[in-house]
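Below, each structure is written out as structure tokens.
Across the two complexes that follow, subunit A remains constant while its partner is subunit B and subsequently subunit C.
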Partner chain A sequence: MRLLGIITLLAWRNLWRNYRRTIIMLAAISIGVWAMIFMTALMRGMVNDMVKDGIEALPGYVQIHHPNFRDDPSVSNLLPQTDAEISAQFSSAKIDAWASRVRVPAVISSEYESRGITLFGVDPLQEQAIDAIGSLVTEGRALQGVSDTGVVIGHKLAEKLDTELGKRIVVMSQDPDNEIADRGYRIVGLFEAGLAAYEETMVFAGKSTVQDMLGIGDRVSEVAVLGTDYRDVDPLLNEIKAITGGGVEVLPWQDLNAYLGSMLGVMDGFVLVWMIVVFLALSFGLVNTLVMAVFERVREIGLMLALGMRPSHILGQIIVESIMLLIIGLVLGNTLAYVSVVPLKGGIDISLVAEGMEMFGAASTLYPALEFRDAVTANVVVLFLGLLASLSPAWRASRYEPIEAITKV
Partner chain B sequence: MTGMLRLLFSVICFAATISANADSSSRDAEQIVRDALDHWRGISSHSEITMTIHRPKWERSMSMRSWTQGAKRSLVRVTEPRKDRGNGTLMDGNKMWTFSPKVNRVIKVPSSMMSQGWMGSDFSNKDVSHSDEIVEEFDHSILSETEVDGHTVYEIQSVPHEDAAVVWGKEVLEIRDDNVMIEQRFYDQDGALVKSLRTLEIAQMGGRTIAVVQRMEKVAEPDEWTEIKVESVEFDVELSDNVFTLSNLRNPRD
Partner chain C sequence: MNMSLRLAWRNLWRQPRRTWLTIGAMVFSNALLVFMISIQFGIYDLMIDNTLQSFTGHMQVQAPGYKEDARIRQSIPNVASLALDLRQELDLETIAARAAAFALASSEERSYGVQIFGVDPDYEPLVSTIPGLVRSGSFLEDNDAAEIVIGQVLARNLRVELGDEITLLGSGRDGSFAAAVLAVVGIFDTGVPDMDRSIAEIPLGHFQNVFAMEGDGHQIVITAPNLDATDALKPRVENFLPKDEGLVVHDWDALQPGLRQAIQADLSSAFFMYGVLVVLVAFSVLNTQLMSVLERTREFGVVMSLGLTPGRLGRIVLLETAFMGLVSVALGALLGGLITMYFGYNGFSYPGMDEMAANFNLPDRFYPQATIATLLLGPTIVFIGAILAAIYPALRLRWLEPVAAMRAA
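Take a look at the complex of A and B:
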């Protein structure tokens, strides 16, 4: 115990013997750690936004479709059950946050333009329960009931169509016999979404109105169910598989939007790689510092060995020295990262490059997400690899021949 | 909505002969439009027409043969120019198919293509296929009656029903008392004129007075128009049922 005290004391004093070098090294470590944590928080924030927006747009953590719906999302692939049967299944299972909807590709036309869209026939009450985009109306009113004859479209779509709130548009699609099904609707509301793509392609109308137009009775295309945590949907998935029985495809959002699903996995790997790369740059400095510290003290180490200190204690002394250096650096770096993330909690406006960001599905405000496990990963990586890097100079120091070391000029 | 089909019909069929006992002043607006349509409903025709598509930098003409039967069925086949020969369109109610010998395929025109131009003209596929919806899906009212060249011309405003699959705010029709369509104007929902179909020439043909030359023009592009000219027409011809079939669209037997 006394020995450990002496080793620690020696290490601590040695650390501040050349304080300039130590301070430079500390600066390098803390900036490295800061970069690891801060950049990770930014990237996490971006991915979280993408996933959140993606789920909001879908929405629903788990969705039920006809097995062929994802290959051919048309009116010919409706769910085998009627809406009433679905409703019965869900109410008997006591699941509240779900919505069934008709979802078909369609063409929307104004006097001047027409564009391809996805038409959603929705029940506004159900959609509100799962916070779908269509219920976030910023101008005009939201849909009222399943037989509302109005539509809610995105701001951007209204712009592209050269039309506006209160005007009529025509929606054309196909019925199950491939006949043209069309109808005029009045635009009763405009919604805003984070992403232009959603605003331009999603059109919401009353479920019954759309069912009438398509002549599909009480049938729907999909059921979306909201859970509590989008990272953990398996229990919900199994429950729904159990109540719906066969003949339908029940999928979690990761499979429905494979891009977003794999984003999360890729992100975890990416964070680790990023940290290791930063550390590699850092480790050169660290090893160099320790090698220099050992070189300077060859005679001193020789003397200690000659006086009877064991090589393992020399090894321990150098390692303790590097641990101290690393820990002080980590404390500084973590503080720096925390202090720089907190003021940005409200979001960073990146609208300057928003169009580019949209290409891969990110919104124009970035909310850094400082996650505890990322900070832990950063610290563990630095501490572990730092120790590994300091082993080599420490080992060399402990292997000196006392006589040679003392007489070394 | 007027379209190619309606246009063809109006060009071919709006005859000068008013039913002798019709007291025109007593007819209401819807009746005038309905009479104009009923006039050609149920009769058949066979005609040769030329369609001219004009653009600022080019202009091209296509000669076509057309068969119609009633309000629902029609077949149009291109005869000139040579490279387009055999291209055809078959319409039966709201259904529409096209055939091109080059790809040797009959394609059912999907809803996503209904807004595209028919054979590159200023008429959309939707214009062409929706034949008689103007009676059923609009509310009609007479705006004015004027005397032109010894004929009464009714100016009729047609406003689409709330759920009608019609993008226009309103249409204004000018129909002569002998059922010849003089002009059809399409307005947007702010009341601005978007496009118009005007009759440029009225003549005796096939034993009737018909609109021989009609032109579709868009207000936004004054240099772009499509003109349809009737070269010859026969009315009340015998047509077998297999004229309006997919196999006839693919393999002409005329």
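Take a look at the complex of A and C:
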């Protein structure tokens, strides 16, 4: 124990014998660590928002469809159960945050223009429970119940259709017999969404009204279920599979939107690659510093060996020196990262490249997400690989031949 | 000067391990930058080319406001003859007229909303890759035939095959009811599900009849011989257009603002990362050079008292750095070039990249190519960073007192 104290003291003093070198190295380590954590926070923030926006549009973490619905999302591929049966299944399983909806491709026409859209027949109360897009009405009112005869459309769609709140539009789709089913609706509300594409293509109406228009009775196209953690949907998925039985397709959001699903994995890989690259750039300097520190002290090390210090203690002393350097650098780097992320909590405005970010599927405000596990990864990478890198100089130092070392000029 | 060069070169190899470690840091960054920049720039070019050549073209003539709202009334009068005149004026064949409208496309069993384009059968293949991607059947041939070419996803969703009929329902330019029955003569497969689902092409002449266009159209698509020729071509097109109709020319940047912004967003995050690498390498150089200057204090004192000026000594220190930098540029470019070549033959891919690539009209394997620019851009910046880092150690020499320096321990 006393030995450890001596080694630590020696290492600490050695570190400050050449304070310039140590300070430069500390600056390099802390900038490296800062860059690792800061960059990761930005990327995480972007991906988190993308996934959140994406899930909101889906919506829900898990959805139930007719097995053919995703390939052919038409009125012919409704769920085999009626809405009442679905309701009974879910209430007996005590799942609250779910919504069943009619979802069909349709054409919407104002007096001047027509557009292709997806028409959702929804129950506004259920939609609120799963935080779906369209429940955020910024102008006019939200839908009131399943038999509301109005529609809620996006701001962008209203612009494109050259229409406005209170005007009438016609929605055209097909019924199960491939006859044209159409109906006039009044625009009662306009909603806003993070991505322009959602605002342009999603139209919401009362569930019963749409069911009447399509002549499909009490049937629906999809059930969306919200869970508690989008990173871990398997328990929810299994529970739902158990209560719905066969004949339907139950899929998590990762499979419903493969792009989003792959994003999380790509991000995890990218974060690690980035951290290792930064570390490698650092490692040359770190090894260099240690090599120099050993080289300058060859005679001194030889003397200590001659006086009876064991080679393993020399090894330990160099490694403790390296650990001290790394830890001080880490503390500085972590602090720097924290201090630089906190003022950005309110979001970074990147609307200058909004349309470009939309191509990535991201919104125009970036909220950095400083995640604990990323900071831990950065620290572990630096500490672990840093120790690994310092092994070679430390090993060489402990292998000196005392006589040769003392007499070295 | 000759002597300075020799002194600098010899000084480097007094501490070969330290020199190699410093060079190693630079070579690592250089090789990484060469590889990353080759991939990035290659992907950007591919992204722009693929996106523009598939449908948008390098520029388009449109009626004012059409780009924002795309309403059927915002049309170009006598679009076919204007396109003909433009072809003669610019002596360029790759110019085609289009008209566009939204319609409900119905087969026997299904109906979907589709964007219908009226295209010139003779010239459309010169400005878009879609005609060349017709996998079964053939592209349109007769300008007035009641024929339609659709994407393979739409064909599957509508459950139609070659020779089947599709009914279009929409509204004409004057707000009248527009309807047509068309035979499917070709099915294309672009590999981009969104396009294959939502676009259909019919002959321009027939389109103008069905949608009561009276000879009008919506776009004249111009593909320049290459991307760089766009800027020179645009004013010529603008000058040629009839002045009284207020027609406008939009280049690709205006037509696809997301494209450049996506590139900018990606570039800025990439430059942040490259910047961090360069800074870390610069610290490594600073450390090495500062150490090498400090350990030579006595020696410098001697040569200065013999009459060597501090300025010349400083130049020697900078020359040492320049030598290291040049060796690193050469080795880094070589190594980076080899890595790039390897992936140029074998293709570069990343798990999850295929889903991301589809968003940007990219293939799922990418073959990077190194050019002079991508080989030298990164290493040059690292070189400059290294020289900047060596300025402080070089300047320190100015304050060196020869007598005191000689006595230094």
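Details
Following the convention adopted for this analysis, the second predicted complex is superposed on the first by the 409 of 409 C-alpha atoms of A that agree within 3 Å, B and C clash if a C-alpha of one lies under 4 Å from a C-alpha of the other, contacts with A are read in each partner's own complex, and residues count from 1 in each chain.
Convention: a contact is a pair of C-beta atoms (placed from the backbone, for glycine too) under 8 Å apart; a residue touches a chain by one contact, two chains touch by 3 or more.
Bear in mind that the values here come from a model prediction, so they are computed numbers and not experimental data.
In the model built by aligning both structures on subunit A, subunit B clashes with subunit C.
Within the superposed three-chain model, A:Lys241 lies out of touch with both subunit B and subunit C [touch as defined at top]. Of the two partner chains, subunit C is the only one that A:Ala35 touches; subunit B does not reach it.
Look at A:Arg299: by the touch rule set out above, it reaches neither subunit B nor subunit C. Comparing subunit C and subunit B on the residues of subunit A they touch gives the larger count to C. In the superposition on chain A, contact of A:Ile24 is made with subunit C only, not with subunit B. In the superposed pair of complexes, A:Asp72 makes contact with subunit C only, with no contact to subunit B. Applying the stated contact rule after C-alpha superposition, one finds that A:Lys167 touches subunit B and leaves subunit C untouched.
When the two complexes are overlaid on their common chain A, residue A:Ala258 makes contact with subunit C while staying clear of subunit B. After overlaying the two complexes on the shared chain, residue contacts for A:Val277 are found with subunit C alone; subunit B is out of touch. By the touch criterion stated above, A:Arg183 is placed in contact with subunit B alone, subunit C being left untouched.
Annotation: subunit B segment clashing with subunit C after superposition, chosen from 97-105, 133-141 or 169-177, is 97-105. Overlap of the subunit B and subunit C interfaces on subunit A: residues 105-107, 109, 111-112, 114, 116, 172-174, 178, 180. Chain contact summary for the complex, subunit C toward subunit A: residues 15, 17-18, 21-22, 24-25, 28-29, 32, 69-73, 101-104, 106, 108-115, 156-157, 169-171, 175, 198, 257-265, 269, 272-273, 276-277, 279-281, 283-284, 286-288, 290-291, 294-295, 350-353, 355-356, 358-360. For subunit A in complex with subunit B, the residues that touch the partner chain are 105-107, 109-112, 114, 116, 149, 163, 167-170, 172-174, 178-186. Interface residues of subunit B, counted against subunit A in their complex, comprise 94-95, 108, 110-112, 114-115, 126, 160-169, 186, 188-189, 194.
Only residues 18, 20-21, 24-25, 27-28, 31-32, 35, 39, 42-43, 71-72, 74, 76, 105-107, 109, 111-117, 159-160, 162, 172-174, 178, 180, 258-259, 261-263, 265-266, 269, 274, 277-278, 280-282, 284-285, 287-289, 291-292, 295-296, 350, 352-361 of subunit A touch subunit C when the two sit together in their complex.
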